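Each of the next two complexes has chain A plus one more chain, namely chain B in the first and chain C in the second.
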Partner chain A sequence: MNKFRFQRSQLCIPYGMFLVCFVLAPLIVIIYYAFTDGEGQFTLENLMGFFSSPNTIGTLAYSLGVAVATTGICLMLAYPIAYILARSSIRHRSVVLMIFVMPMWINFTLRITALKEILTMIEGNLAYHPFLNTLIGMTYDFLPFMILPIYTTLLKLDGSLLEAAADLGADAVHTFLKVTLPLSVPGIISGIVMVFLPSMTNYVVLDMLYNSTYIMGSLIGAYFSAYDWHNGSMIALILLMIILVFTLFTNRYADEDAGSSRGGVLG
Partner chain B sequence: MERNTAKENIIELKHISRTFDDGFRVVDDFNLTVQRGEFVTFLGPSGCGKTTTLRMIAGFDKPTEGELLLSGEDIRDLPPNKRPINTVFQRYALFPHLNVFENVAFGLKLKKLPKADIVKKVKKALEMVDLEDFEDRGIQTLSGGQQQRIAIARAIVNEPEILLLDEPLGALDLKMRKEMQLELKGMHEKLGITFIYVTHDQEEALTMSDKIVVMSEGKIQQIGTPEDIYNEPKNAFVADFIGESNIFSGIMTGKCRVRFCGAEFECVDDVEHGTMIDAVVRPEDVTITSPDRGIIRGTVTSVIFKGVHYEIAVQSGKNEIVVQSTRKAEPNTVVGLCIEPEGIHIMLAENTINRIETGVDKEYRLQFLGGILNCDMTAIIPGSSYSTDGSLVDAHGDVIEPDRIRVIVSVKPEDITMSDDKEAGILRGHIINLIYKGDHYSYVVRTEEDEDFIVSDEYLWNMDDYVSLLIPMDKFHYAIKK
Partner chain C sequence: MALGAVVSGAVAVCGIPGQTVCAKEAPVTLRVCSWEEYIDLGEWDGEEAIELDNGAVIFGERPLYEEFEDWYRETYGREVRVEYSCFGTNEDLYNQLNMGDTYDLVCPSEYMIMKLMAEDRLVPYSDRFYDEHDGNNYYINNVSPFIQSTLESNEIGGESWSKYAAGYMWGITGVLYNPALVTEEEASTWEIFGNPKFNRQVTLKDNVRDSYFAALGILKADVLTDDAFVQSADYHERLADVMNDVSPETIRQAQDLLNELMDNVYSLETDSGKADMITGKIVANYQWSGDAVYAMDQADEEDFELRFAVPRESTNLWFDGWVMLESGIDGDADRQHAAEAFVNFLSRTDNAVRNMYYIGYTSSIAGNEQDDTIYEYLNWCYGAEDDGDTMDYPVGYFFSGDNGDEDYIVETSRSQMGRQLYSQYPPQDIMDRTAVMRYFDAEANKAINQMWINVRCFDIHDVPFGVWMALLAGLLVLVWMGYRKSKRR
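Moving on to the complex of A and B:
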């Protein structure tokens, strides 16, 4: 009789099944729908349609604009906060950090509804400033995701490197520009990845702020609610490609820096 | 390269003290003058304040009191980037995002030197540390020893007036460390700049320095050349820290005569008759002879082969004497020991208070030479109290184990009186030494427990008198040993 022998590789089976069911299969379905028409025939029309329609191209451009602006604003706000928190010697550092990060723990719907009420109070009618409201909503939502990775990187920064810079003649400004900033790039990259990608697709923020503008996410949502799986899938696929390219690009930097900071830890 | 031989003071530390925010005095009244071109080493155990002192010279830390003069000018308030001083950090602190060239050129670029000059100087500095052609390498691809060399190159390329080195060889293995010691020494001679070096390794300090500053608990214990420090240690701490040594407490019994270990020796230090002293004897200065020819006699308790020599421990009475000898001795044999007068270094005893280290029994009663001293343990250990089950707890409520408590019991010589009534006192012993001190006699009484007590008394007793010692309970002082 063949005795059952347990092997470590068998532990992978559940994960493998999960991947097949929830990653691979949906992907195949999306690809299938993206390249077929209503009769199930292969077609490139969905692809052509996306790039020939000023509506979709405009939405793509607008989404990119929103994402870039949101990421930029988040970075501008988050870096000083993270820097002050990480480098200062205030006593209850973790408490202060918690205050900044706490919105993450509050229900998303509740947060945005509260924001909507406040903005309505200030602006009267939210429809007048759609782009501004989008930015405010996105920034409010994603700021903690930018603060945390930068804070963590700065916290790990070896204080003796800053002393070494001062020792070699650098003043505070040069020390920041030549040592602190370059060494916090991995944190900045993770922050950008965490903010840029969701802010291209998270149309719920827009919806809840009674926004009439469209980002990529809203486009997919619109097609799907009209039961147009084919065009919706094609947009999803295109978005996936954009994200893939973006991730590969940022990974190159993140990898390099991760490598060098590892060297720093050893050294 | 020429060496600047002019005896010019480059840096002076005058009454420098540094107190941390919590009130801990990490450096206490530090006074030192360093001459241009000297190789000075701060030597001491960890936590002795040597690194803090170095950081104050570098400018990373500010003295709470005192003056810090560089070539006669006060630099107390000068930030580190304005000081002509560079540091080789303990763990190198090389910039991981820059390559070797960029690391070494960091200081030069900030000085806005022409590019061609920078390239030339970096090349020269890398040659100095034997790492030519490493310019384009990333820091993380270098070994520990190579990183060490780059850190040195990065500092010396700026041609500082003083180079500070904070335990730079601590992370290297033994063989590499020995190599780097010699290289650093050579580099110092070649460059002619002042080196201030921090280490806890006494051998490293002895090998490299012109001048050693021995530190302990924030205070300078001794400043001197390596030979001075080794041969003429000023106190028991220095003797103990530098090299191996036997330290015995003893007393001067005449001109260049000293008594310790139950025998009288000739010595070369002329200290006043009757002074309490500590005698330092290096293990290599003790010779083993036959029992009848030795000044003291003892039993060999252990013999360890150490390569060049044997390390032999000899028990004589209550004293253990460590001997280094190229000749082997057999354990459990009785041997005689001789010490030449030159091998005995006399240090004045730190104070003449009787101190006895002791512990407590299971009921937290203080043991004292076979008896019990009735005292309140909660008064000795601050913040402690007795819990309901009778165990002692500290301020946080944690139980203090009885065997962890070590108490120093001290009593002043003038608080002890002697009596010939054997039952009157709490201790009994023979007078083994007496000196007339002008208005009183100072006696040394060796008790039955082999403990020496110094007693001041205005009446004359005789040598070898058997006496009992009376000590009033309120004259005992207690201190907890950390």
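Moving on to the complex of A and C:
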């Protein structure tokens, strides 16, 4: 009989299996379909087709536009709230925070349905402002994901740094720009990651708010339901690449910035 | 351990088709896949029982697929177990089949049936199924002559559809409208979707086939409404050809037209249009007749009137039918017998009424001279006492194939024109201008799908000049900042 010896690394096996079955295997299938045509022959046509059609490129631009605008609006709304909340001395801070996070507990289709009625009441006819409505819907949906990480980072901010800055003669504006803001960059970055990427593909919001323009998510769906798995997979792959590049970029930026700001303040 | 191996081994043997020893003891499993909410699930309230004038009392106690198991045992003395599941769209079903899901009996729409037929994936119904002398063959004895002749007259690859498909539900497409704000005249044309009077107050359907049909109706309006065309001897063939035109030139025109329509419609929808009509967000929407009936019923409850109009150019006759799949049946005669019996069971008139009552669509089943349950159900729904405001509404084309048939004239309220009865069993002059939309070959299919994607996508050329400028400015700032940073180091 073999002697069974438990090793800590064996704890990874369940997750490893999950990874292989549901991440790695589908990825290989996607790559296979992306680079083959109907007859199973290798082709780059799907790739070329994506970048040569004004419609697919337009969809990419539109999705990026939605994502950038949503992220920008979320950041502008979330930062002051997170800042006030983190720096305030109110005793029931966690209660106030909960009020912001509470919408997340309600199913999001339900929230968007309610939003639809509210917007109809305000605008009269939703069809005239599809882009604006989409931004409102996305912001509504993703705002908590921006507030939370920024709030957490600001909460951990060492108060003595602010005192030191004041002692050395920095006024409130300077303290914020030179100390608070640079130190909260990691929170901002993780907020951006959590808002930007999903808002590129969250087509349910567009559907429910009557915006008939495709974004990346719906475009993939459209190709799949037209039995064109090859083009659909290629677009999924391109989206994956964008996400990869974006994540690498933000990671690097976050590291670099955290390092330089530490140097600036403490060094 | 040993016991487990024996048990699992026995199951494995039974799983192999053609193991006659097991087949007699183990029940046949029938795997059925159909649309969601497309079969009566029973559990009716006591007072919901439908009492018809011919004495029939119709009541749904349990889901029909469960009652089928009992009926099959009582009728044929054999056991069957139904595994009933649902699909979302024809395309989903097709993708599921390609992914390796096996079903014995499925209920897709006509074009998907054509596609499956063309790909040789269907099992033809047996001769036994079409034997009119067998009292248990409810389908062939009860199917509407109108549906059966449509199935027989349409062919693909030299074989008529009726060999492979049994009609289930059918309907046409049209325009559901709010008569307070839209006239019947305005709603009776596909051009309503481009009518600037209803800017951002009409919705199209969110699928390529329905939208393409509407686009063709507008593009070819001159031909379609031309008297010489309508009165020509081969009108139906020519109409079908026009409404199935997928030449590259027509597709290109349709794309331009649909792009224009997109700037006029409120949105594209599949399901939300019915509620939006009632809440008043929109005043007209592209609608399937069955859903139109449902929406009108809902609106009636809120004292809000909706009506249904059928465009004068042409309308799309669609139907869903039961087909048996080669991959599921796999030569198993017992399984095929059960599948055909399932179709027959659903075609029994009382079950057809139950389904119609539950789903709201029109069944392909009409009954026969001995069994007028379906016709009586129509009277039960729409019949009216003669109070001077009634009219004769002939439905003979559906029930006996002759619209002059005195036996099939519903006496109904005049207000039913443009309402539920009109949508469920449209008058014959409307049925005359129906066209069945065929399945397009791979190339044409790809072209119209691409056309639709192009319509739905944002064109990069539409990016406003200001945005390009802002992007350029942003890029310059970034470069400048990077430059400064590197210099500082």
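As a working rule, the second predicted complex is superposed on the first by the 254 of 267 C-alpha atoms of A that agree within 3 Å, B and C clash if a C-alpha of one lies under 4 Å from a C-alpha of the other, contacts with A are read in each partner's own complex, and residues count from 1 in each chain.
As a working rule, a residue touches a chain if its C-beta (ideal position, glycine included) is under 8 Å from a C-beta of that chain, and two chains touch if they have at least 3 such contacts.
These figures come from a predicted structure and were not determined experimentally.
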Which of chain B and chain C A:214 touches, first, second, both or neither: second
Which of chain B and chain C A:174 touches, first, second, both or neither: first
First (chain B), second (chain C), both or neither touched by A:55: second
Touched partner set for A:120, first chain B, second chain C, both or neither: second
Which of chain B and chain C A:164 touches, first, second, both or neither: first
First, second, both or neither for A:182, with chain B first and chain C second: first
Touching residues on chain A, where the partner in the complex is chain C: 54-59, 61-62, 65, 120, 125-128, 210-214, 218-219, 222-228
Partner chain A, residues of chain C touching it in the complex: 89, 91-92, 94-95, 200-201, 206, 208, 262, 265-269, 281, 445-446, 449, 452-454, 456-463, 467
Complex contact set, residues of chain A against chain B: 158, 160-161, 163-171, 174, 178-179, 182-183, 185, 257, 259-264, 266-267
Parts of chain B lying in touch with chain A, wherever the complex brings them together: 58-60, 79-81, 85-87, 89-97, 106-107, 110-111, 138-142, 144, 147, 154-155, 158
